[in-house]
Amino acid sequence: MKKTLAVLLALCMVISMTACGKSSTDVGSQNSGKTDLVIAVDADVDTLHPADFSTTVEMDVLNQVYDTLMYMNPDGAHEPEPRIAESYEISADNMDYTFRLRKDVTFHDGTKLTASDVKFSLEMYMNSEYQGSQVTGLKSVDTPDDYTVVCHLENPYSPFMLGICSVHIASKAYYEKSAEEFANTPVGSGPYKYVGRNKGSNITLEAYDKYYRGEASIKKVTFEVIPDQSTMAIALQTGDVHFANIQSSSMTQLQADKNITIAEVSTSGFAYVSMNTEKAPFDNVKVRQAINYAINRENLVQVCFDGEAEVNSNICSKSRFGYSDEQFQYTYDPEKAKSLLAEAGIATPYDLGELLVAEKYSNLATVIQNDLKAVGLNVTIAVKEFNAYIGELTSGNYSITALNMTLEGDTQMLEMALTSDYIGTANNARYSDAQMDELFRQAQAETDTDKRAAIFNQIFTKAQDEAVYAILGNPLNLYAYNSALKCPEIPFEGLYSIYDFSW
Amino acid sequence: MVKFVVKRLLYMIPVLLGVAFLVFAILSLTPGDPGTIILGITAKPEDIASLNAQLGYDRPFFIRFFNYIGDIIFHFDLGTSYQSREPVIDSILARFPNTLKLTIFSMSVSSVIGISLGILSAVRQYSVLDHVCVITALIFACIPGFWLGLMLLMLFSLKLGWLPPYGAGSLRHFILPTITVSMTSAAGLLRLTRSAMLETIRQEYIRTAKAKGASEKRIIVRHALRNAMIPVITTLGTSFGASLGGAIIAETVFAMPGMGTLITTAIRQKDIPTVMGATLFLATLFSLIILIVDLLYAFIDPRIKAKYRNGGKSHE
Amino acid sequence: MSNAGKKRNSQLSEIWRRYKKNKAAMVGLVILVIILFLAVFADLIVPYSKCIDQIGAERLQGPSLKHFFGTDEYGRDLFARVIHGSRYSLFIGVATSLMALVIGAVLGASAGYFGGVVDTVICRIIDVFMCVPPILLSLAVVAALGTSMRNLIIAITVSCIPGNVRLIRSLVLTVAEQDYVEAARSYGTSHARIIFRYVLPNAMGPIIVNTTMAISDMILSAAGLSFIGMGIQPPSPEWGALLSSAQQYMFTSPYLLLFPGMFIMLSSLSFNLVGDGLTDALDPKLKD
Amino acid sequence: MVLKIENLSVSYETDIEVVHAVNDISFSIEKGETLGLVGETGAGKTTTALSIMGLLPERTARVRSGRIEFQENDLLALSEREMQHIRGDKISMIFQDPMTALNPVLTVGEQIAEALILHNTDGYTQKEIEARVEETLELVGIPKERKKDYPYQFSGGMRQRVVIAIALVCNPDLLIADEPTTALDVTIQAQILSMICDLQRKYGTSVIMITHDLGVVAETCDKVGIIYAGEMVEYGTLYDIFEGDEHHPYTVGLFGSIPNLKENARRLHPIEGLMPDPTNLPEGCSFSPRCKRCMEICMKKKPAVYENNGHQIRCHLYDAGMQKAVSENRKEAGEDGR
């Protein structure tokens, strides 16, 4: 009997608790001088293969273990920084890229990193279904000597540089020793060595003492799998976790805690309304423009992202190469929307049919439905299971939908959403326009950045005029970390590197 | 009795085959294929097609099914996961101990609380204790798992700092999940034990026992409890089996890798081998538990034992 | 009033008299009546439009005179959503529990009563359904029948029938052995009549408890199916959906969880207390 | 004197009605004597028995007055713990319906042994208890090998024998048999009754035989008490009741309703009317509404007990000044072909 009373007593205390304010224990100070770091991730890695990976968590872990030829900020606006390759040159016809390797780079098992490893890694990427797109356009690789690598392209492809800078360089010898070990216990040349993992729970890395840029200041890194956002927030506050990518809903709780600092990082992902341009009335540009004007993006950002997103009606996010303020931005103007509908001959209230969404986008749908009703367009929300939804989306078996999408890498990747040969995959609007296809082909070949920026300017102005999509905004990537942790400004797309962290 | 057990074990084969076919059919016939799911909609169609081919997902339904069953029967190989390319048995063995420990802890706590309070409130019917137990049981039956879990976390790990907020390392990690899981099932057990006991206490043989001079405690334990056990054991067996399938909410809130989250994520990712492997693994355990529950019936009630012994034909 | 009528009337008043004696059951009945009243007259209490109108500016506000239960993350009035949500949730909760009870009783009772081949066939089929994860069963229903309220009820019921069948079978196993069943068979009563007139009434206690306890689980599980597109389509309100969408704001605006949770608990409490009251009142043996 | 009950009154109280089941009953039993309590169903016989055993339902039953003296202490005053020592050991009871009286999940042997284990004051060993159980089984006519069997494997008659074995295994001083044979057919009934009498003679157990069957009373009882509406309307030896001249009109009516093999009486004479409603018993003598010889006084005053060397009758006919009533009584009885 006593045990049950104790349990009931404890629970009554819990039930009587109101929302909790600040955490009582001050964890900030005791961490200085520490050398370990615990990072919370929301899902476990499925594989640690350097090329055949697909989730962001896998990328985060592999980025610490493997090194790349050079480092290039994904926003495409900075010059690549040297890593394994000290320097590079591009041939006049932009078809050949030559990299000079450092001579003092070693893998974690002590073996030297040579050009043959780079050739092996590049070829591995070429025939990988997972990350093959990083090396699109690469025809062949040859190694004149142990420390020089020359990449030959099929035709000039300006995004190639950004792609090649995300190729993880792995050891050819280690692969030949055992392919299975290769995928499970990675051996790279990056700042951290792989130590081990408990499936479903955590992954442990250790600083690599003979790293050519000097040993990292954080000696031991543990990635802890915490699927629930609220638990992750609590773990941050108790100090068990020092760094985590969080969702906007835990913001208010964590902002109130002085031991926690929040970093907002912009990414190329965008939330958007996709209209099937092959189906009436969405084939009429005025209707698409009306929908663009009808949506109150400021309110949507507040409601669906707790304010943690940049309002933006342009498919190219503001901190990405190729964006400029000249490009047209739709504003919230219901009257203009109504007049455009009238011009398009739509008698309101008009039933647009089903607004098809997957369950995780039902918040977007709810707000959009409300905004569209204000201008006389009625939609009924239909929620579908995610895979069924993707099937309907890619096969064009829908009229209007709302979702998030990320086309990371070079701005060229936006061709997947706008050019006709991607209808059936990422071109959900099923928009097909010869001039748009031609513009993207020019952008792909053009290597001069200013000329390329001009081409992109044309592209995005055209996309806005024809209102191919109703882009809503770019959700921000939110990182919460212990205030005592000194970490640099996290780059675009949130590809952090723990090497730069320190207590 | 042995004949009965052997027969039941033989029946397990069609049951497991039925489960395998049903799960395989549902997963294969519902939309979505591993290739698209892994590579995402931005991938090139030919990449998706070649990945599906590698995973053997492009072969017709029945061939895949028979190959799969063939692998299990002849090579005891549960296949490799689409997502991690690792044998399914590894992820099961990595996660099952957590779920098993959580199930045993939570079932013992919930049966101790549920059954003892159920008996007490039945014996003291219409007393204050009875009403308090019933009301508390109902409150806990409706409390959503995630709310209870997070409130416990808030109190015990954040405010008081006694317990770790996540993970499955030591026994201390299991305290909060056990409370979360056991409270709801304890509520159900309490109510059921109470009503089963009420039915039994009114039987005539209870008065005969009293006439023999037996004390109330003895009557409850020796006479009433045994007769009331049948429905209670059934619920215990079913909920034990169900929680072996993993307490998804507790596993998510307390970041404890278990069978529940393994199966749900695998279903979302259409990772057929993992879902099949985990489901068949649990199905075997579940069938054994159900067999044990049926044997317990016979052990408790001789009339049911007799019914089983003569092949269960008692009314034709 | 014909004689039978008078007899029936007096029998009913007898049951009502015994029921009234049980204070807890009366409390349950009062709560139930209030909740049913709210569900039926929802439109009069608060217009349906108020639970879908979104006022961005008044987002995530605590309970106030303007919004009794405060507002959700879209700025919609939570009070309206809870009141109108009662229609869906109560309907789901009651419909699924009753369906599971009826199907469970038929299968469970015949398995327990007949034994032999019937028992084996039913039990083994039930074993198959018990081993398949409930989410998959619902996925199958979605794939086969599409998404609608009817299919939602089917999906939830399918996942809870196995439990019911096993419980009722176990209860019937012992009752079917009693001598009055033997006696009933001796004067030629049909099997079906025996099952429903003699066997099941004697196991009513645990069955009613199991059914009324299941109601709150049913309401909560309806929300669990929304991720496969099976739940109530937004923006219409439903208690389970209110709870799961309030999960992310649990610490910053706890009232979002408190009110729907309280209503689910109150309705489940009332169903259980009324169920208990009825079992005691209907039970002939319970004279005192 | 084994048991002495004085002015016992018991009523069942629910919130809308009060049932006066037993009204001022007194009687006593000597060692080895069998007292028959006869009366229609609902007359309060079983309530009297349950009061002795202390098995009345706690919530509703209330003993309004009376003493039950047994071995120098009043059973009604004993605590539950003390009663537990007495039940099964000193006083034991056989219930009416053998079908439901045994625990279906325990073997017959276990249920008999339990009585012994509960009252194992002399420290019997396990083996001795087993032997005692087998002996008792043989005593009641059940082969000892069957002690491992379960109740469902026995017929009604055999189960009643088990119940009797349970009641007798501790050699109680007083055995209360509540209509032990009503649920059984006649042939089994004879075996059970003769067995009870043999056991009584063998162990000197006094027995209270509750029945509504006068045939059973004739065969087994030494003394008889006729109970009507919770009152002992007539009490005396077997001879007084069966052969005596003075009778309470209800007793006359009872005997009038038995067919007599010797004479070929054309019709039986059942007593008109029904038992009075126990929630509002009539003024005066409770049999007055149905008594053919009802007088003015019967309806107003409760009759005093008329005693004629042990033979008590509670009827105004036998009030001091009413001697002439006696002859009419005898004449009327004769007419009915007694």
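First chain written, first letter: the chains are A, B, C and D, and each begins at residue 1.
FYI, a residue touches a chain if its C-beta (ideal position, glycine included) is under 8 Å from a C-beta of that chain, and two chains touch if they have at least 3 such contacts.
Every value quoted in this text rests on a predicted model; they were computed, and no experiment measured them.
Comparing the centres of all chains, each the average of its CA atoms, the largest separation from chain B belongs to D.
Centrality annotation: B (chain centre taken as mean Cα position, compared with the mean over all protein Cα atoms).
Of the two interfaces, A-B and B-D, the higher number of touching C-beta pairs belongs to A-B.
Note: centroid distance chain A to chain B, computed from Cα atoms, is 38 Å. Averaging Cα coordinates per chain places chain B and chain D 55 Å apart. Taking each chain's centre as the average of its CA atoms, chain C and chain D sit 51 Å apart. In this assembly, the C-alpha centroid of chain A lies 44 Å from the C-alpha centroid of chain C.
Contact of a single residue of chain B with at least two other chains is seen at positions 30-31, 146, 150, 154, 227, 301, 303. Under the contact definition stated at the top, the residues of chain D that touch 2 or more other chains are 104, 152. For chain C, residues that reach two or more other chains under the stated contact definition are 139, 142, 174, 177, 247, 250-251. Contact annotation for chain pairs lists A-B, A-C, B-C, B-D, C-D, with touch applied as defined. Across the complex, chain D meets chain B through its residues 53, 55, 80-81, 83-89, 92-93, 95, 97, 100-106, 114-115, 118-119, 150, 152, 163, 166-167. Touching chain C in their complex are the following residues of chain D: 14-16, 57, 59-60, 99, 104, 152.
Note for the complex: chain A touches chain B at residues 1, 3-4, 7-8, 10-11, 13-15, 17, 20, 23-25, 43-44, 46-47, 52, 54, 129-130, 132-133, 183-184, 198-202, 224-228, 230-231, 234-235, 237-238, 240, 385-388, 390-391, 393-394, 405, 407, 413, 416, 424-426. The touching residues of chain C, when paired with chain B in their complex, are 22, 24, 113-116, 119-120, 124-125, 127-128, 130-133, 135-137, 139-140, 142-143, 162-163, 166-167, 169-171, 173-174, 176-177, 185, 191, 203, 205-206, 208-210, 213, 216-217, 220, 243, 247, 250-251, 257, 261, 264-265, 268-269, 272-273, 276, 279, 285-286.
Touching chain C in their complex are the following residues of chain A: 18-20, 229-230, 233, 247, 249-250, 252-253, 296, 299, 302-303, 358-360, 362-363, 365-367, 369-370, 380-386, 388-389.
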